[in-house]
Amino acid sequence: MSPMPLSPHPDRLLPADPGVRDIARELYAAVKDLPIISPHGHVPVEWLAEDTPFTDPTTLLLTPDHYTNRMLHSAGGVDLADLGVPVGTPLSEERSRAAFRLLCENWRYLRGTPVQFWFESEFHDVFGVTVRPSAETADQIYDQIADCLTRPEFTPRALYRRFGIEALATTDDPCSDLASHTALAADPEWDGRVVPTFRPDAYLEPARPAWRQLTAALADAADVDITDYASHVEAMRVRRQFFKDRGAVSTDHSHADAGTARLSDAEAERLFQEALAGAISPADGDRLRRHMINDQARLACDDGLVMTLHPAVARNHDSDAQRRFGADVGGDVPHAVEFTRALQPMLDAYGNAEGFHLVVFTMDETVFSRELAPLAGWYRGVYVGAPWWFIDEPDAIMRYRRSVTGYAGFAKTSGFIDDTRAFCSIPARHDVSRRVDSAFLASLVAEHRLAMDEALETAVDLVSTQPRKVFKL
Amino acid sequence: MSPMPLSPHPDRLLPADPGVRDIARELYAAVKDLPIISPHGHVPVEWLAEDTPFTDPTTLLLTPDHYTNRMLHSAGGVDLADLGVPVGTPLSEERSRAAFRLLCENWRYLRGTPVQFWFESEFHDVFGVTVRPSAETADQIYDQIADCLTRPEFTPRALYRRFGIEALATTDDPCSDLASHTALAADPEWDGRVVPTFRPDAYLEPARPAWRQLTAALADAADVDITDYASHVEAMRVRRQFFKDRGAVSTDHSHADAGTARLSDAEAERLFQEALAGAISPADGDRLRRHMINDQARLACDDGLVMTLHPAVARNHDSDAQRRFGADVGGDVPHAVEFTRALQPMLDAYGNAEGFHLVVFTMDETVFSRELAPLAGWYRGVYVGAPWWFIDEPDAIMRYRRSVTGYAGFAKTSGFIDDTRAFCSIPARHDVSRRVDSAFLASLVAEHRLAMDEALETAVDLVSTQPRKVFKL
Amino acid sequence: MSPMPLSPHPDRLLPADPGVRDIARELYAAVKDLPIISPHGHVPVEWLAEDTPFTDPTTLLLTPDHYTNRMLHSAGGVDLADLGVPVGTPLSEERSRAAFRLLCENWRYLRGTPVQFWFESEFHDVFGVTVRPSAETADQIYDQIADCLTRPEFTPRALYRRFGIEALATTDDPCSDLASHTALAADPEWDGRVVPTFRPDAYLEPARPAWRQLTAALADAADVDITDYASHVEAMRVRRQFFKDRGAVSTDHSHADAGTARLSDAEAERLFQEALAGAISPADGDRLRRHMINDQARLACDDGLVMTLHPAVARNHDSDAQRRFGADVGGDVPHAVEFTRALQPMLDAYGNAEGFHLVVFTMDETVFSRELAPLAGWYRGVYVGAPWWFIDEPDAIMRYRRSVTGYAGFAKTSGFIDDTRAFCSIPARHDVSRRVDSAFLASLVAEHRLAMDEALETAVDLVSTQPRKVFKL
């Protein structure tokens, strides 16, 4: 039997109704080729700084993509080790090919998922693949991609240009010297824009075992003697400024909850000293962390870095997977989150402050209409973040627009973020968002809720004006 | 450039699919001109009692509409003071015009929101505006509306008639003498129906600072010496009856949660005495409040007033706005709510009692299929309230029907409430509901889930039979 | 006036858009006549074992169907006693006819509900009714069905065959001798498959008043002296094996929460001894129950029985109804549920174990995208159960697919369960699911998210491969 073709339809994800589709096509045509702005993600800056050719299809496309890994693990029964996990494991050509074959053999399990969409787009649009992945076609596709990777138009920088990326943010440790960022920015051959992001989570959880060691490292990096709460804030200020001086536009925060309640200065100091002594309880660690987050907002008002929040994921749910493969591969699972009361102390203080931007991301869709749209619909600094991680897929993106637009409109939404380390999936991910937003806007036009000129302007705003404004890019 | 036209499409909000739209059109035609029944809202009765012409477009359309104010504040960066907030601020013609200009200049931020729909309908259908609001057209539209307001066909009563309102409820303090209601009802020129609503929230929160003063006022108004819990209930009974005698059909309740747990008589008395002494704790204040709410249901079984619940909003989230502009302008934000267990004590006692009607409103959409439809699908007295406040918009109304109908059908839903103080938006708000319900019913017909005759009868029921039955109007 | 016809449309529940409907029709055609696999339900095995003709329409169709009873109670004001509740009440022909008339008179209250769909299908497809139920047609329909029931092609076994049922699970007490199952299986005339299900809820709630008595019965049934925690587990093991030997493929668990946290062995023993002494507190009863559930998973890894979870319903919400009619007729109402943290201890231990299958059902739709799809998208043994009970209707089934598919795909979903004791509604219930799944798949094809061959294969998988695999049938 000859293999099934792979030929992604130009209208995919656009509404089925012929009249609405015509409108959606026109809207999509206006945005499909606009530059990609990616203000939150995990692509290693080294790829672009060093511009070393990618070694093989698996290492590039499969190993770092935990979306795909999860599906192959749960539905296909695949062992993550066979996919090259953890990232950095050296893979022989044979093992790389075998891993890639596992993807193709289990292709049916991806049906209806965004992973299928992304791969179809990548395979077809980036690498010219024209057959559907399957046990029969695995080697052929592997060879075709491997061959591409040897060519100059597939180096990281060549792809960056080809993808039409205008700005790309990485995620970085506060103590990082950002050497690769500096080198890249200084490279006369380089005309792109890659900016670091300040991600201080581990430094703001004082009850964690590693916190004292991290605090020592922070003191070193900031050249600040951290002896009390104020000096910890000062060290944070110094490192934020260091990041900002190297191009950072935002800080990123992910904790178990979205709490921002302040303590009295005296209590904060008392808890901080307990933490320095390694004697703080988990509950007090959470309380101090919320106070610290509140102070990150104060720092943000001063230095202008945009604050992004990604809370409420049970990390490393599967401890055996964590032991074998490290953090963030252990089946992270979202849980419910509360924002209305949790964010109140911080927003009451800074929510309307000049220049303060807070972008809130969630995987708990229930908060879109109940909490986030009303918050963003009142506070000037609050923006509703695009659907994130497990809800970064067409149906959820549509639900997001249908839940948020009523009371936050379009101007208080963040624009799309891809949040990925799967570099080659970036265009496909942004494309999904553009298609679904076009479909949503087309439905508004078709139902006479919006005029076509308004919809066209809005479509462009969502991929262009909006992320630039929200992330100060 | 000549201004863009404003010409709301007759089919707006109806489904895009041509076949389904034809069905929806037929359903909508059967209900679009039916009288408006508005059993919960905030229009001042004085407007109709005194029938004084409205002074200016801003005071009428913009200042009292916190939906619009919020959007201009958050997305447009507008200061509420510049919109005439708080209500009652005297506005010069210059300031009124400037405020109206702010609305028009920031028009783009309303795209896709119900505020846009309401204004387009009001401007076009009520005032004959035919250009889209913008910086360029602001003065022209302002002048046109201001001119209308000088004419006799734009007085409050003239508009009441023109809007086809059959009954309109206000929201009133339990101690109000309802003088304007009495005067209006006695006016031989008046043939409409405006009824008061008993809203005792502040009198049922014993730990609030003002509670003792309110209780004294309640004692005066009811002519009951409030010395113990029983006399407090008696004072409530007296005032409820006073309201009922002046036309009231319902009582309205909005607290942080929906709790109805009873205390023992002895404990209720003990807490009540603490409250009278100004010594009750916030937690005990909540417990006593839940007991009091439970007793409101008992009173309702006796006097037949319909009980409506609107819980779970964090009031005055932004304390600076509250300081500057007063209560209810401080960025109220909904939060999650629980009904299944909270309402159990009250429903177990009265849920199937003859004549007891409880209408539950929420902004937490998660409870529609999970809690409210099952509750209304069992207890005879429970009705699922229409989407309220932040979810009073087309997509949420559609989600409501799709979540509630399965297990509560249509007969256990409340009919639409507009809950507004923006008088001129009332027809547009009810129109949205009629259009979306027509769209929903049309989809059922198109998918052969309902016959056309059933859908037509249901469409009429929803705007006519249902609110009359549920609110005993 | 001549009665309205009853003629269910062949395309009902398929999408309205003509192009999408064509696709859906083709998909539906491929599955509509496939055998019914019903791995969770409540039909009495005695019906099939004894094959006694059904006595009358009410006892067969109305009395045991609490979906219908609730609607007639809440919207129609019907007393459940007039419907023959509780099940087993002897009904005269006159009372049976009167009850059936109540259904027909209140027919309008079922509009838009799945109950309407099920009855229309049953009446038309099973009994050949061609007029719409109403006060006028009640007796005619009653007579027609009553006449059918006297005929040999309407005995339980005849209907089982006509319905195309391939396998049907009942729900059984752990101490049951399963005599009717054994008799049925041994009957040479019988070529169907009815399997018992092990449902130990009451035996795993040690703080309940009846628990000690149940434990004594369990000890008897298992022939194990239950003196400590270990012997209780052993008794469970013995009874599970007894069930498995008689065809059981799964165990079913329904508690207030989904907790699975383990205690230390010492604490489990201490609490168990308190329970044996009748002295365990409700809170400790819950803790011990969660430990016991965790051990049910361990037993499942050994004996291979599939574990199904149906948590989070407030049982017998209306205590008066419970007093009058018994358990499960007292207006059960769902409440919110949490899975991510609750299931972690159990999944961390067994979630990827060979042969362990956990199917999680819920009426809290918020967990589909937030918790269940991510859990099923990681753990090999976890499957997302089909919408259950109050959300077992077309719109909720569609929302389920749209919420779950993104990150769990199709292969990690359970397939449909009917969970009913209304035997004649089984084909209609499965038909709803097949139609809605066809509609969902058709939308994916129409939006070019799935190729037609993939959709066709998936449609068949969902009613055939998937339930067989998940339930090991």
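Going by the order they are written in, the chains are A, B and C; count residues from 1 in each one.
We adopt the following convention: a contact is a pair of C-beta atoms (placed from the backbone, for glycine too) under 8 Å apart; a residue touches a chain by one contact, two chains touch by 3 or more.
Keep in mind the model is a prediction, meaning the values are calculated, not measured.
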item	value
Between chain B and its twin chain C, rotation from the CA superposition, multiple of 5 degrees	120
Homomeric contact chain A-chain C: same or different residue positions, threshold half	different
Centre-of-Cα separation between chain C and chain A, whole angstrom	40
Multi-chain contact sites of chain C, meaning residues that touch two or more partners	15, 17, 366
Touch list for chain C against partner chain B, complex	4, 8-9, 11-18, 67, 70-71, 73-75, 77, 108-114, 116-117, 132, 314, 317-320, 331-336, 363-366, 390-391, 393-396, 399
Complex contact set, residues of chain A against chain B	15, 17, 19-20, 338, 340-341, 344, 347-348, 351-352, 366, 369-371, 373-380, 382, 402-403, 405-412, 443-444, 446-451, 453-454, 457-458
